[in-house]
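A, B, C and D label the chains in the order they appear, each numbered from 1.
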Amino acid sequence: MAGNTIGKLFTVTSFGESHGPALGCIVDGCPPGMPLDVADLQRDLDRRKPGTSRYTTQRREADEVRILSGVFEGRTTGTSIGLLIENTDQRSKDYSDIAGTFRPAHADYTYQHKYGFRDYRGGGRSSARETAMRVAAGAIARKYLRERYGIQVRGYLAQLGPVKAQVLDWSVVEQNPFFCPDPGKIAAMEDYMAALNKRGDSIGARINVVASGLMPGLGEPVFDRLDADIAHAMMSINAVKGVEIGAGFAVVEQSGSEHRDLLTPEGFSGNNAGGILGGISSGQDITVSLALKPTSSIRQPGATIDTAGDAMEMSTHGRHDPCVGIRATPIAEAMLAIVLMDHVLRHRGQNMDVNCTTPVLPAAVEPDRAAKGVS
Amino acid sequence: MAGNTIGKLFTVTSFGESHGPALGCIVDGCPPGMPLDVADLQRDLDRRKPGTSRYTTQRREADEVRILSGVFEGRTTGTSIGLLIENTDQRSKDYSDIAGTFRPAHADYTYQHKYGFRDYRGGGRSSARETAMRVAAGAIARKYLRERYGIQVRGYLAQLGPVKAQVLDWSVVEQNPFFCPDPGKIAAMEDYMAALNKRGDSIGARINVVASGLMPGLGEPVFDRLDADIAHAMMSINAVKGVEIGAGFAVVEQSGSEHRDLLTPEGFSGNNAGGILGGISSGQDITVSLALKPTSSIRQPGATIDTAGDAMEMSTHGRHDPCVGIRATPIAEAMLAIVLMDHVLRHRGQNMDVNCTTPVLPAAVEPDRAAKGVS
Amino acid sequence: MAGNTIGKLFTVTSFGESHGPALGCIVDGCPPGMPLDVADLQRDLDRRKPGTSRYTTQRREADEVRILSGVFEGRTTGTSIGLLIENTDQRSKDYSDIAGTFRPAHADYTYQHKYGFRDYRGGGRSSARETAMRVAAGAIARKYLRERYGIQVRGYLAQLGPVKAQVLDWSVVEQNPFFCPDPGKIAAMEDYMAALNKRGDSIGARINVVASGLMPGLGEPVFDRLDADIAHAMMSINAVKGVEIGAGFAVVEQSGSEHRDLLTPEGFSGNNAGGILGGISSGQDITVSLALKPTSSIRQPGATIDTAGDAMEMSTHGRHDPCVGIRATPIAEAMLAIVLMDHVLRHRGQNMDVNCTTPVLPAAVEPDRAAKGVS
Amino acid sequence: MAGNTIGKLFTVTSFGESHGPALGCIVDGCPPGMPLDVADLQRDLDRRKPGTSRYTTQRREADEVRILSGVFEGRTTGTSIGLLIENTDQRSKDYSDIAGTFRPAHADYTYQHKYGFRDYRGGGRSSARETAMRVAAGAIARKYLRERYGIQVRGYLAQLGPVKAQVLDWSVVEQNPFFCPDPGKIAAMEDYMAALNKRGDSIGARINVVASGLMPGLGEPVFDRLDADIAHAMMSINAVKGVEIGAGFAVVEQSGSEHRDLLTPEGFSGNNAGGILGGISSGQDITVSLALKPTSSIRQPGATIDTAGDAMEMSTHGRHDPCVGIRATPIAEAMLAIVLMDHVLRHRGQNMDVNCTTPVLPAAVEPDRAAKGVS
């Protein structure tokens, strides 16, 4: 299928440019009968929305979503769900100066070469604005997973540049503009952002996402492993440069005796596996960690070339997030929910008759690594 | 599609269990007219083959591949290519003791729950033996990319447990059993493996893969980004727990002014992007880094449960790789080649008429980060 | 993919119910650089639009389409194209009486069983209203095929109940409300429809569609044959119960010596094949014929059951087409264009380097069977 | 996906040329736990096998299938099933004379243009030999449908050239080499074939296939309708030029009052719909009818061109079926089973929780049209 669709049974297909009239997506394959209204989507959209704190872009988008189909008398019908968000704060003039140049570390150069020309207004299709539809679609998946199976998907900012969260307190995550889980680090993040803003630079971040309450059995050998599909979904988010499952890159220096999560009648002894063995969920928490690069749109001037290939210098003065990671938590949650939802449906399709002959282990509490970057 | 297929236009669909009669795959979508014979596949298969050094499993498989279709008079016909490798060294008795238990950190537990029962002989479908077909299929993609476009795909072992390669000398990579690019570290790797073997343990590794000579334009916004599809392909390899593109997790602490690769008429100033911007290839080298977990089959005993849920202890005495990373380089190369091949065909399908109005930048030499883990 | 997507490289994904707020679709994979504006789509939409003659439903929909993305400065960008049509003439009250019953020969019964409940307003997703988006998306494909390759896709009504067109005069097709190609039969069709209306009944029809000017080589062995994908696309149109390629069902009584189209240096001697051999286009005209069932919504009362399973009688007094075939010509053209477009892109992806060593035959004029049903 | 795969959740991917070393396929997505051995496949393969009567090609292929994976201890494991048939009776010399020419009405001309060259031995990939793998894969689907749901898929030859079956006696179908359901017509078919053979010609045929015992609810709006996917699968069979569902092309002249199948508490009043309403199964029998063209390989000489484009004459003296329809019944059954299986899994994935609030109607006996062509 063409590149704007994700999923096999539960699919999301999206469209929309940063400065076009609207963004939209089609969610196909949702089971029928689930209560759904706009408020179910708006909560997550508001969490992602720009302009809600001084640490994110001041571009203001209402991000009000409309449900255009697939819901009747308050319930999903099983047919495709059309979602639409009109763009309201476009200010195309902000971007007219970039028509003839390539912003460093943006997609300008690559879109130009792929397609021969490009919608240069605010990055067009390559803008992070596109992620609004991921969040809207993901909210449908999250709701189903939660209501039907008790599966919970949630994330947090584990690290902002040099500032690492060291405590995971879920109750704090939604109470600060960073999605930071460590109440003792919020002030440090605020200070860091203020200094960053002063020098006109940007910074990277690490986001962790956790899914709890899963059944074992999700994931398809050998290419559509659950972890492979999660890696695909996460790496498809703008600015993501790395994905880890469970212990992630720490495994390079782990020995087998250290890495392996032993099985006991009380549950697994740890979760280095991140909840996935052989590409299939084990029932433990699925733990995913992402690296997001710093925004390339910064005030500090940098060398580049114009579309004729000549050298020039540019700096960016538009309204940009100095740390795209700050708003990425709801996006990462949405992508994980979409992947899990797709695999729940695929698993049911093939294996709904399986009578597991073995009792499912409890998902043990793992003191060793509840969250990456939380030392 | 079901889970044993990867790709959209250039697809690989595989089958086969560790101890079944044979492994096979179907490569579909290969352009016609390319010279192809068994020797083209066998070279990479031999690089992956077990039993070729004392650092890998002593299980001996000839891994002789047959081409059953899709090639006529020495050239690909454009129709589907059937490949087959008969299993010759099976020794099923080695594995009969694991029928009633779950080996820790293996897929035994999850396959059992997904399907209700499992082929317990050597891991069945979850065995790394399955990767032989990836290598065979990948060799077809590599050949086409190289001969038609001059694209080169190659990899190396960047780190084995604590031993890091610090020099990247491509001429050394194929001259040692580790695919190590640093001639000064080979002895250290040998020593490390000997000590590891003595204590009956295993170790993780980091593999780097690089594709050079690409055209810009490969990759599809927004979900089938090139990096997203690479992440999917890499994470689908057994034992992989992390994937990085370009600077990878280092971006978490990078500032924008540090991270961004500037454009100059002579080329990019660096390659923190790993050759991909906005999900689309820029023409620079694509750099990918993988973390492979230590083999879980070790001699050191560990707690587990049997299929009735009761506690027991087990240790593994079969023929296993103490470091699966050692043989993973050809597999990672194959997966990268398969993804690139698929995207070359997809790009041609949509964009073959594009006249790029901008000269393509030379892929600058980047002294700063030719290879991750090579400091 | 879920069921609301068609195509592999050029894909159309749609949503929308008859009486919901809007219909929409996403066209993905369109090559960049093609001039496109709303007028390009509106022409075909207007040809399909209800309420334009007294022979179709009097429901009046403006069917004004908006292009929401994928077009910049008047040209396609290569990214996904979002299309939207707001529903304006809904009159939901017309349909409230069918909530508790199953209209005979409609999808009411099957949707209810598949999903557990249904959007009963005007058939919801099963309404022929959904075909508006097919026509909009198809117009994009038609434009590309025509402008890039000179491929022409056009259709006509070959038979309306007992009234068969016997002359194929393309210049007449767009000049009458039936898309009838035989000027001598238009009056007979008018009379037939008037009588039909009087007795409150409906009638079936046959539509023929022809694609001319194709290159040989479109179609993929063995499952995605061009004719197989055409059959899929055509049978996916509401009310279609039969599809023929070339000689169609007449082949049952043909001998091989009669059926085979001989090759001569001047071209093929006939076109029983309908332009497709072995699932691949030959360069001759592709000829497709469809059977459309009579509308089931008729004034004549008929037995049915309510949702409790009890017997009842119903007749339909809404605004319905007495012959859905009359408006089906633009829909069938659109579907053929979508399939051809997808196969053009797929063919280019795999085979763009092929140098055919054999001159392509001229697509000979075939006096024997320019059009089915046109004796 | 590339063209040699069919299905979405239950997929079949095949390879193999008429005169290559082997044919094979991979069946992916089969539910685990179903007893399966070679005999389950061989029965249908033997029904399709050439050389079993004097009315089919005298080429003799053992068509002995091997199961290479996906079955353990006699049951399907849920992983991909590899199937292989070695070609044993190839006689490539029979075909060497066609290397430089295009056989009329064969795929020679189109393969040559698509791929630039072709495997000319016996048609290569375009040979009907490829259908052996469809039958093998279809046998797996049939077994599951029958054993899990009581669904029965069976077919028969409804018409051989001018000779029409007029009685449908299922007990006769497997007792004659034609799969003819009318005991009174077998002698006429024998006579017809003898005369045909004498004059060196071939003839077309009509095959009907029926699926009984289905649940309502199979099929996905709007593009992957059940009838659309059936049409795709049937038209993908070599030589098929037309597909009908239910009343098929007869609907062109039907009025709505005549066509509509009324619902009564005792069941539907007829089955003009062929068991599918709005693209979704109703629970009635699914009835499909196919037209197969006459073999183009006949002894009667005919004009053609060589690969240089020059006129020549050719006649075919190889071992060919004078009526491909005779052996097509098991193939058509297999394709219907594959489509139904795929849709059963897709339906379960999305809708396994649906509690139908309406009792399912009995699938009424329909005296009016149990079988097309059986008057």
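Throughout what follows, contacts are C-beta pairs under 8 Å (C-beta built on N, C-alpha and C of every residue); 3 or more make two chains touch, one makes a residue touch a chain.
Listed by chain with UniProt protein names: A, B, C, D = Chorismate synthase.
Keep in mind the model is a prediction, meaning the values are calculated, not measured.
Listing every chain that touches chain A and chain D alike gives B, C.
Chain pair with the larger contact count among B-D and A-B is A-B, by C-beta pairs in contact. Distance from the centre of chain D peaks at A, each centre being the average of the chain's Cα atoms. Chain B and chain C, compared by their mean Cα positions, are separated by 45 Å. With centres defined as mean CA coordinates, chain D is found 39 Å away from chain B.
Centroids of chain A and chain B (each the mean of its C-alpha atoms) stand 25 Å apart. The set of chain A residues that touch two or more partner chains comprises 1-5, 8-9, 14, 29, 32-33, 78-79, 114-117, 125, 221, 346-347, 351, 354. Those residues of chain B lying in contact with chain A across their complex are 1-6, 8, 12, 14, 102, 104-107, 109-117, 123, 125-126, 130, 159, 161-162, 196, 201-206, 215-225, 227-236, 238, 240-265, 269, 272-274, 276-283, 291-298, 300, 302-305, 307-311, 346-347, 351, 354-361.
Against chain C, in their complex, chain B makes its touches with residues 8-9, 29-33, 78-79, 148, 221, 345-346, 348-354. Residues 1-5, 7-11, 13-17, 20-26, 28-29, 32-33, 66, 68-70, 72, 75, 77-82, 84, 114-119, 121, 124-125 of chain C are the ones that touch chain A when the two sit in their complex.
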